[in-house]
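Each chain gets a letter, A, B, C and D, in the order it is written, and its residues are counted from 1.
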Amino acid sequence: VTASTPAATSTEPSVLASQFAGVRGLTETLAEVLSPEDQAIQSMPDVSPTKWHRAHTTWFFETFVLGPHLDGHECHDAAYGYLFNSYYEAVGPRHPRPHRGLLSRPSASEITEYRAAVDRCVLDALARDALSHEALALVELGLHHEQQHQELLLMDIKHVLSCNPLGPAYRDGVAAGSIDGGTREWRSHPGGIVAIGHDGHGFSFDNEGPRHDVLLRPFEVSCDLVTAGEWSDFIADGGYHRAELWLSDGWAAIAENGWEAPSYWRRGDGRWELFTLGGWRPVTAHEPVCHVSYYEADAFARWAGARLPTEAEWEAAAPLEAESGIDLTVLHPTSDASSSFFGQVWQWTSSAYLPYPGFAPAAGAVGEYNGKFMVNQHVLRGGACVTPTGHTRRTYRNFFPPSSRWPFCGVRLARDV
Amino acid sequence: VTASTPAATSTEPSVLASQFAGVRGLTETLAEVLSPEDQAIQSMPDVSPTKWHRAHTTWFFETFVLGPHLDGHECHDAAYGYLFNSYYEAVGPRHPRPHRGLLSRPSASEITEYRAAVDRCVLDALARDALSHEALALVELGLHHEQQHQELLLMDIKHVLSCNPLGPAYRDGVAAGSIDGGTREWRSHPGGIVAIGHDGHGFSFDNEGPRHDVLLRPFEVSCDLVTAGEWSDFIADGGYHRAELWLSDGWAAIAENGWEAPSYWRRGDGRWELFTLGGWRPVTAHEPVCHVSYYEADAFARWAGARLPTEAEWEAAAPLEAESGIDLTVLHPTSDASSSFFGQVWQWTSSAYLPYPGFAPAAGAVGEYNGKFMVNQHVLRGGACVTPTGHTRRTYRNFFPPSSRWPFCGVRLARDV
Amino acid sequence: VTASTPAATSTEPSVLASQFAGVRGLTETLAEVLSPEDQAIQSMPDVSPTKWHRAHTTWFFETFVLGPHLDGHECHDAAYGYLFNSYYEAVGPRHPRPHRGLLSRPSASEITEYRAAVDRCVLDALARDALSHEALALVELGLHHEQQHQELLLMDIKHVLSCNPLGPAYRDGVAAGSIDGGTREWRSHPGGIVAIGHDGHGFSFDNEGPRHDVLLRPFEVSCDLVTAGEWSDFIADGGYHRAELWLSDGWAAIAENGWEAPSYWRRGDGRWELFTLGGWRPVTAHEPVCHVSYYEADAFARWAGARLPTEAEWEAAAPLEAESGIDLTVLHPTSDASSSFFGQVWQWTSSAYLPYPGFAPAAGAVGEYNGKFMVNQHVLRGGACVTPTGHTRRTYRNFFPPSSRWPFCGVRLARDV
Amino acid sequence: VTASTPAATSTEPSVLASQFAGVRGLTETLAEVLSPEDQAIQSMPDVSPTKWHRAHTTWFFETFVLGPHLDGHECHDAAYGYLFNSYYEAVGPRHPRPHRGLLSRPSASEITEYRAAVDRCVLDALARDALSHEALALVELGLHHEQQHQELLLMDIKHVLSCNPLGPAYRDGVAAGSIDGGTREWRSHPGGIVAIGHDGHGFSFDNEGPRHDVLLRPFEVSCDLVTAGEWSDFIADGGYHRAELWLSDGWAAIAENGWEAPSYWRRGDGRWELFTLGGWRPVTAHEPVCHVSYYEADAFARWAGARLPTEAEWEAAAPLEAESGIDLTVLHPTSDASSSFFGQVWQWTSSAYLPYPGFAPAAGAVGEYNGKFMVNQHVLRGGACVTPTGHTRRTYRNFFPPSSRWPFCGVRLARDV
């Protein structure tokens, strides 16, 4: 069996309850340092307000678990179905995404009540063992869904705060870069037929399967992520002004947006500075570069005489994943070679985001989860410093349009042998 | 001497102090029913967040009175000069207007502190009689400026709340329309040479002068404002679909925006409903129509076989102003013939907003207050239910672009004899 | 009776026939130096292709004269009613204005046939005295209409050709500026009650009446137009970079469009060059400045310590009009003090384009000719070097939005006494 | 050696000369039925005027062959290098693509002279055997380039003419659909390791190599193209109104553009009509559907219970190519099962347009030919009725953004076994 989501889960209700409490609690921990105003702002159409993330993840449990699977469940607020549906056409109309920032009501504290009410229902149902196998699988899916939104919440609030000339920090005490630099060492792979995709043990999203064979040519991947220091060299060498390094669409994006450096970088007094969730600070040479678009990653690779890996190459070369998770004292990538495939930055691959052979989306509304986005995007692999535990699988396929810079996305190089 | 602002004021410091306390207090009263989130949202580029209005009016006193006129004044926060400058080129760069809604910080409560700090300084200076005549005139200007923003605050929060599918009320207990209808009676004026503009007694804005003679032809103005019932007839008669009634730019605005009725109107169950600061309620026949653009006012007048008055005609026909002001239990126009020139709706005139003969803006940065907007706008006269006391002068020149609908603007008809 | 258009004309049919032949012939003379491609291009939405002007003016005669007033007239081509209606809502739907440049068919030569066919019908009807008084008045209106389009044709082809990096001339042998400079002398006017507007003798457009009294204060107007040399001084003095000189909308227009000089100016080798209908050539100091927007005219006047005249002041100060017309060897303004009120450049006035007191548009579709454009525009007076004979009346009201630069518009200053 | 372009060609100069005359002549044949106006219009930014295609293909030979490789060549017109460069950053600045329709000069007949002049130079050089191997390879590349523009010329003029309410035909006598319908039969393929990409014998573009192995799963492809009749069924079944059939970006494209049917379709009297290069005519049931976007192709496949093939599957399943070419009496696809892989419509594949493993663009400016477009596009295979002879290779990779509808693009289905 491949791509089992969300047909069934092997996780016991009591274990699910414990996971549920942990994941739901972490979301609130991430939000609690933010003021009501912080939680209400939408700084660009791609960004959602913090309180919207908090409500939408709750709506997911109410809409897909409590409503259809729990007899007698009463809807918390009928209007929320409209306000907090993200993109599920099958469950009805919804508030337009670019207008999420217009909603001063419900307030952040009303969302807190909403979350508590739904939590009580779900935990009670789990305690009573009142949920079917299908519903339990949806609870598990909902937790993974909420973890994805934890990362989005951090990405989004970073963008919101960066728009403020005051440069406020999300949280104080965030670690400030790293000391040791990587060397540009390469790990070789012999190529051949390799299997990629999820093997069906444990949770996965539907887009990670079916597992299937691919044929690779021999290649090498860099042991280290590209660093901010290397990126400074690229800038200094005219990287943003040499057409021959760029894809045509990337060259147009530079002209349209005036890109001169990664997102969140600015020129300070004779040096580069960057905005982090801990506020503004100087760029350090050895930290992994972060917040670059696919276009920039591709141009950098060409400048460096290398290329980006395909997603199959990445997966074939990646180590077994290390445990990872969000460390609230380290909300920016730091160089640490041993764990750098996971937990620092998402790494752009040269692969367009397309279905694996034999892919079929899950039945029902949750089938809209992944499949309908399989065009005009590129796959990223690995996981970032703001990615929750358990979302740093080798087979995990993250995806964004090639112009995106607000995710925590960086670069790992590859090359032909 | 005409157009005395802001060269001097005849108001005593102690009286000014009392007025200062009253005006500043009313702003806070208007804001205090709003949550921090309500106060942070910007629903379109023309709208400013409530807390921005609260901060900007405070910045005005600090920038134009305390900074230049009070020895030793220490700036409350250096960043506020950038964040809360509205459009004064002479005092430096500023945060772009369409981005005012991106500022979650300073928080609403920090703005409260800012207001309190500046209030203390101003009141202390007034008590010590420490301000020059010029500075006192600027205090007086600042109070009138703040009163203008009180109206803007109400206009703007109405727009913000109207964008929310929940349809929240700004305040409960708002009066619901009116019972008695007006008759279409006309008041005639013989024409001839009449003087218009402010005579220099008491406060006025620079754009109200110089007082000067104009030559009028005989005309009539309607005793009553156009009502919502009459507007419903206009709609039912195809008013929004008959090109011959419309200015060319107005016809294009209909096509572009899909206008079918005044702003804040929607079709309910077999009747029209409108959004007020008290929430949604049915339209009543006899209440003055409100929230129509110049284009709509002009088309309605043509349909009715009449025209809009010029601003000189309006001023010549208007009674001595009645006392008026904001009644928090009546935040929408109601029909009351005796006071309808003032205090219900701003009334579009056919006059473009241009300088009076001999007009010269005030010296210094406050000279940017009015003069530089004298193009592409039309004059409105009268004052609305959300206009503070003392802003309902016969000579007061309000102005908006002809497509504007979010002010409380309505229609009074005129015709040739 | 004032504003007689188009109720009647006192011109005899035989005289009209002669005028008809002359006006229609001039249009073809203006077009004949242009290739089929030149005649097909639309370089911006405001511009119409040459062949469209040639067809539209023909459509005017067929639609308003031949169709309704000549028994048995057969429509030349049923599709032309849709293709060549400009903005008359009353005569049905039309091809969208911004898409006029998409029509490769009918070809320029088919338009030539169309013109010839309609000419034959009109001239035959005039010869047979087969037209009613109303129809004759419409023929006269149609000729004035076509003369307006002659000027538009020249304005528009100038813009088309200017977009070509080859810088082609519309016509060779165009005169190159002027030698003698004007002095800044002023002509004073005592003010008082003066009558303005057309007196009903001879042809006029409906917007020139009713004639009516206005009350003026004493004022002065400059004897000379503002020159290119004075404008260079304005530029050199930072005129385009000093916010205090500009209306707010003008300042925004500079930022949006990057204006640094009048339209059609560019920096050559250490000097300014300008594009004329004779191609590119150096700017000369004493020629009248041309192709400036209202915003620029207003800012220049402020810089010069003066202001723009109102349209009533302009009309009161203007001399009796000199004969003027299009001289194909002089398609650019040249300084010639004696005739400079007429025949050099249209002169921006500070008056918004609004109806005169008592104005009523003509009945029927031709009532859309002027009235529906009376908002968001400013009046220009005088007439330019590309304005046909008879369109340089003292009472003639030309009008354009304040951002317009492609008309031949310049500046005459005024000031208070 | 794979991907030999443009390092060398094995074609003899005399053969090249013959091919050169044929290809260059066909371009002129395609253009000669168009008027100067037809050749000048640009109906959307993606479309280029006919005369621009004629000039640009000539510029290619002058810029890449004559200039660098023929001693003493004198440039025909220095300005043409700017006007007719398409997108080659390496050879300098260029006229912006969306402004190609602003160029009335040079005229169509001047372009004819330009073509003749360059033709003489090239043919003379070939006759004298004066060109190096590299230059000969560039001549061959230039001919393939010109053939691509022949197809673009037809695509583009179709769009231009379709914008005209007169609905003019490009050419009369175009065949009107087909009689026999296809059956939905499937051809199976066993999968396994197959080699794809060009093998280096004969001409190919750089993006067709390197030839390499891929691993396929067993699959089936439909023997017939999707027909207009099947597409009508899709429409009738609500295909354009069922969100579950569509990619998210496709669903947004429908909403934004109001798509209800393929491009160039309109509803006539109770039936569908379509615009062809022969003008408007009824849709026939058995002709291949044409002018659908990737989004529509993908949605149709889902509706039909199938999917689109990958480009590797398409190549593995395709027969050896039949001879094909442009038949001026058949400028629209007709059903003819035996040749339907080639010569009817380009067929969307599910493969994003990305470099093959080991791909390196050609050296020099011609390296910009293909590689820099490898993002945000999908591959199409096969070749259309407007594709010149020799451009219907099995390995040929055509590519367009997924929203494109103006190419002659249709659908062939595939499915898993």
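Definition applied: contacts are C-beta pairs under 8 Å (C-beta built on N, C-alpha and C of every residue); 3 or more make two chains touch, one makes a residue touch a chain.
Computed from a prediction, not measured in an experiment: that's the story for all the values here.
**Student:** List every chain that touches both subunit C and subunit D.
**Tutor:** none
**Student:** How far is the middle of subunit A from the middle of subunit C, if each middle is the mean of its Cα atoms, in Å?
**Tutor:** 59
**Student:** In whole angstrom, what separates the CA-based centres of subunit B and subunit C?
**Tutor:** 38
**Student:** Which positions in subunit C touch two or more other chains at once?
**Tutor:** Within subunit C, no residue touches at least two other chains.
**Student:** Drawing the touching chains as a network, do you get a line, a ring, a star, a complete graph or other?
**Tutor:** ring
**Student:** Which chains touch, pair by pair?
**Tutor:** Contacting pairs: A-B, A-D, B-C, C-D.
**Student:** Within the complex, which stretch of subunit B touches subunit A?
**Tutor:** Its residues touching subunit A are 35-41, 43, 79, 82-83, 95, 99, 101-108, 160-161, 163-166, 168.
**Student:** Enumerate the contact residues on subunit A facing subunit D in the complex.
**Tutor:** 87, 89-90, 193, 212-215, 217, 243-244, 246-251, 294-295, 298, 350-352, 354-355, 357-358, 368, 372-376, 402, 416
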